[in-house]
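Next come two complexes, and both contain chain A; in the first it sits with chain B, in the second with chain C.
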Partner chain A sequence: MVRLEKRPQPSRAFSWAAPVLAVVATMIFGGLLFAALGKDPVASIETIFWEPLFGDFAFYYRPQLLIKGAPLVLIAIGLSLGFKAGIWNIGAEGQYIMGAIFGAAAGLAFYPEQSVFIFPLMVVAGAFGGWLWAMIPAVLRVKFGTNEILVSLMLVYVAEQFLASVSLGLLKNPEGFGFPGSRNLQQYASAHNGELIAGSGMHWGVVAALIAVIFAYVLLTRHRLGFAIRVTGQAPKAARFSGVNPTRLVLFCMGVSGLLAGLAGLFEVAGPAGQITIDFNVGYGFTAIIVAFLGRLHPVGILLAGGLLALTYIGGDIAQSQLGLPAAAIQVFQGMLLFFLLAFDLFTQFRLRFGQAEVI
Partner chain B sequence: MKLSTLLTSAALALGVASGAYADAHEKTKVGFVFVGPVGDGGWTYEHNQGRLAVEKEFGDAVETVFVENVAEGPDSERVMTQMALDGADLIFTTSFGYMDPTINIAAKFPDVKFEHATGYKRADNVSTYSARFYEGRAIQGHIAGKMTKSNIIGYIGSFPIPEVIRGINSAYIHAKKVNPDVEFKIVWAYTWFDPAKEADAAKVLIEQGADVILQHTDSTAPQAAAQEAGNVITFGQASDMAQYAPSPRVSSIIDNWAPYYIARTKAVMDGTWESKDTWDGIGAGMVGIGEISDAVPADVKEEALALKASIADGSYHPFTGPLKKQDGSDFLAEGATADDGTLAGMNFYVEGIKGDIPK
Partner chain C sequence: MDLSAINPVLFVAGFLVAATPLIFAALGELVVERSGVLNLGVEGMMIIGAICGFAAAVETGSPLLGFFAAAVGGAVLSLLFAFLTQITLANQVASGLALTLFGLGFSALLGQRYVGIKPPRLPEVNFGPLHDIPVLGPVLFSHDIILYLGLALVVAVWAGLKFTRAGLVLRAVGESHDAAHALGYKVVRIRTLAIMFGGACAGLGGAYISLIRVPQWTEGMTAGVGWIALALVVFASWKPWRLLLGAYLFGGITQLQLNLQGAGVAIPVEYLAMSPYVITILVLVVLSADKNAAPASLGRTFHASN
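On to the complex of A and B.
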């Protein structure tokens, strides 16, 4: 007989082994799925994981990993702080949208003036937009005890309506023949978040993501606030006795995650995307939740997880085009990753026991 | 010559020269970038039908590749680049939001031909193409005006952009022509494809007395809502939606990209491809009118087919004066027809439509 037994202490080793096992299991079961679809499983897995990094055109795909991974890491770092403390900001997608709208609006307000001050102003505006949007569920929670999961999630849909509205109205390109969408910031030098080194994929968003990783690491390991976050998540009562102010903690965690999501939106709209359009958001805010958990809510883990997810996206598109895999199969593949992670996570708290239960 | 120059320029454009691109291919490679899944039953489905038609037409002489569910923005740039690097000769980008990405990537691959659907930016190696769906709307308007008993026609708009406004105007003009008492109620769904929202919009319109629903969204949810309500008719959008025939779906507008895709692939094979703007309608077969079902009386069907024929042979233009704008100012004088520039940027309702275009 096999049964689960709670471990006296959560296993640290398993906590780190789970993501690796999840990736391996995803490769195996993903391979079976691709084989069932009549594709060569080894070639499929190789295309997804190997091709972008070491294939013939890796010179192009490697920089793309930075472009795809940076917003994920930036958002996930912010989310992880709250998640550690049991504060659940599920609405990063909305904060990402609002950051992009505020930032792009700040830049477009000066069009066609050129000045070195425009881009920094946009960065501030983008961060403010994301922060503001996260403050709504934060303040509602601390004042009225509302559930921040529901409020922040619902505000994503509100933000999407704002996005449609400004694409069709306030920020619509006056030279766009009535079509929705703003001017392209890539064509407005002062507002363009371009590559810092040509062909490297490095833009300010990548820099910001790396800074955020370091900032979060120092905060969590060296700072009193980091201690407050950890202790609140593990033992809320103990946190209260040790003088942690839960109200301030909610405002801080929600605020930082909103701010970083807003920044991610700004860097995306001013750089790779270029435009505010109705379909500007592509789900980074939601995918970042997976990245945060895949990375064990640890800054370095998140960095790696962001890279891994970006890899499956880029490799997945290559597999679609080269091998004719359907997009849905790639999405199932990505879904498996989270599923297996959660499954293996069970073993950090529990262990398998073989044989008869002892009778006491 | 084509392959080697293509790859060298690709490599040069990206700042890399390498000997890794040796595998010569004689097949013409055609890439398709799709915004939705190929099984959406509407917009992307029909583009994919066009792709399959290209494969069928040229057999072993072509190889087609596609990527579905590609988000507009940097993801689409990456997918286009990847297709170009993999040796595509011709790439169709099938959503309006791919416009700037297509122009960006086309500049990096001067020897690859690009075709962008529904946009207005062209380059030496970027053509644009779109369909005159408003021609189909005229026929829908005619049938709707004849069929309505409540004189209220519901219209589910997607986004208030010229393409959609043009369709509303065209349908209204022709409904009004056959039924002066007709009134349009317009609901903006702010989506191209969202069954839940479309169903809600259809229900709201039916509750307000509409017994004909026109839609500029791609799902069959309005058909389902109409069937449930009974005595409400609808028209298929993007694809035929024949599963709801003969009623509530009485006819449809079908996007038929196959002839265009075949012609453009042929042009690349023959080396005669040139950058141009194509805007074809019923005449060229890009806009198809689905079978008008028996739910429509024979005389109305006959009139509708006559209208279709006159549009197809060019003897009638759906925007023919005298027409006034909603604010009462002159739009077209007696006998005058709207030019393509006016149609492309249409951002006003014609006289008689109530309500404002959302800003």
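On to the complex of A and C.
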């Protein structure tokens, strides 16, 4: 007979082994899925995980890793702070969109002036947009006890409609021949978030993501606020007794996650995406939830997980064009990853005991 | 603007249809939450139901078989959630999100071959002369069987929770799983059954969108209805009758904004389209004071060793 026994201490080793096991299990079951779709499973997995890094065209794909990874890491770092404390902001996609709209609007307001101050101003506006959008669920939770999960998610749909509205109206390119979408920021030097080192994929968003990782690491390990976050997540009552102010914690965690998501949106729209269009967002806000969990809500883990998920995006694109693998298959693949992670996590808190239970 | 373009009879008949997916999904979630489990995967189960139902209806030519397949599809997906939260004791919020992300991707994968196809239509129930009553006939007696099934299910869940032993046990598990366990009830088994019921209901709701309300298949077509259903359970204070009221309220708003779009109101389409979500938030704010109605064990993980 097999039964579960609670470990006296959560296993640290297993806490880090679980994501690795989850990736392996996802590769196996993902391979089976691809086989069911009539694709060669080994070739598919190799295309997704090997080709972008070490394949013949790796020089082209490696920079993409930074471009796709940066928004994921940036958003996931913010989410992880809240998730640690039991504050569930799952509307990062909406905050990402609002950040992009605010930032792009700030830049476009000055078109065609050229100035070094325009891009920094856009960064501030983008961060503000994301922060503002996250403050709605935060304030509602603090003031009225409203469930922040539902409110933040509803606001994603509101933001998507708002995005459609501005790309057809307010921010529409007056010289765009009637096509929806704003002016292309890549052609507006002062607002362009270009590569810092040509051909490396390194743009300001990557720098911001790395700073966010360091900031989160220092906050969580060295700062009183980081301690408050960790205690609140593990033992809310103990946190109250130790003088943690839950209201401020909610506002801080939601605010930071919104701010970082807004930044990610701004860097994306001013750089790789280039313009505000109805569907410029590709779901980074939701994938970042997987990144946060896969990274164990730990800054360094998130950095690694962000890289891995970026790899699945890039490899997925390659597999799509070379093997005809459907785009949705990659989405399933990413979803599976979270499933397996949650399942394997059992062994962090519990261990298996074989044999009959003792009579006490 | 021409408001007279909105036919009141068609409007009311339309919002009964618009409310039905919400009734199914929210009712299923209500039962799940009364058993003490918070399943945030409603959206994922709905979209899986939408495609399973659509595919089965197209392949077999029978919409009723489609609905059956949708219920099975939703329940099977919910078993994944049950496995994660009841067996491997994973966090319910994270597992629910995983279910939604996975469901959205998987449905897109399943649905590739079904884009742009028209599903077979489910005929209206034949009420004979009742259908010919002016106003009431087209409003109340000109719908398909599934819509009436939804209403019957509200009554059944209400009566089941209130008057039956099974309902009492379910509520006991939801209020205090430790006490229920001490009394010898199988907490995990009861919750798993509740989760499967919720999955089947969400699947039916999804299929109602893809087979009757729209009717066609597009990726991500549930567009947040599953999340609104979750909000509706809070709105209803976990009570079936209030849930019905809420579903009609939201169905009415959805239908009204669609009709206003059609009537060419001066408000831009995008702002009308965001109204159901904004109103959901407002309703949540107004009603979040009533927290005591929530099942006491909601969202807490149960393991016999604790």
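The rule is short, and it goes like this: the second predicted complex is superposed on the first by the 359 of 360 C-alpha atoms of A that agree within 3 Å, B and C clash if a C-alpha of one lies under 4 Å from a C-alpha of the other, contacts with A are read in each partner's own complex, and residues count from 1 in each chain.
Quick note on the criterion: a contact is a pair of C-beta atoms (placed from the backbone, for glycine too) under 8 Å apart; a residue touches a chain by one contact, two chains touch by 3 or more.
All of these numbers come straight from a predicted model, not from anything done at the bench.
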Which superposed partner A:P326 touches (first chain B, second chain C, both, neither): both
Touching partner for A:N184 - first (chain B), second (chain C), both, neither: first
Touching partner for A:W88 - first (chain B), second (chain C), both, neither: second
Partner chain(s) touched by A:W133 [first = chain B, second = chain C, both, neither]: neither
Contacts of A:Y284 with chain B and chain C, given as first, second, both or neither: neither
Touching partner for A:D345 - first (chain B), second (chain C), both, neither: second
First (chain B), second (chain C), both or neither touched by A:A164: both
Where chain A meets both chain C and chain B, residue numbers: 161, 164, 168-169, 326-328
Partner chain B, residues of chain A touching it in the complex: 56-57, 59-60, 64, 67-68, 161, 164, 168-169, 177-181, 184, 186, 198-199, 268, 272-275, 277-280, 282, 313-314, 317-318, 320-322, 324, 326-328
Complex contacts: residues of chain A adjacent to chain C: 4-6, 37, 88, 90, 136, 140, 144-147, 149-151, 153-155, 157-158, 161-162, 164-165, 168-169, 286, 289-290, 293, 326-336, 338-339, 342-346, 349-350
For the chain C and chain A complex, residues of the former touching the latter: 40, 80, 83-84, 88-91, 93-95, 97-98, 101-106, 108-109, 112, 219, 223-224, 227-228, 230-231, 234, 268, 270-271, 273-274, 277-278, 280-281, 284-285, 288-289, 291, 303, 305-306
Chain A-facing residues of chain B, complex: 14-16, 18, 20-21, 31, 37-38, 65-75, 77-79, 81-83, 85-86, 96-97, 100, 104, 120, 159-162, 190, 344-347, 358-359
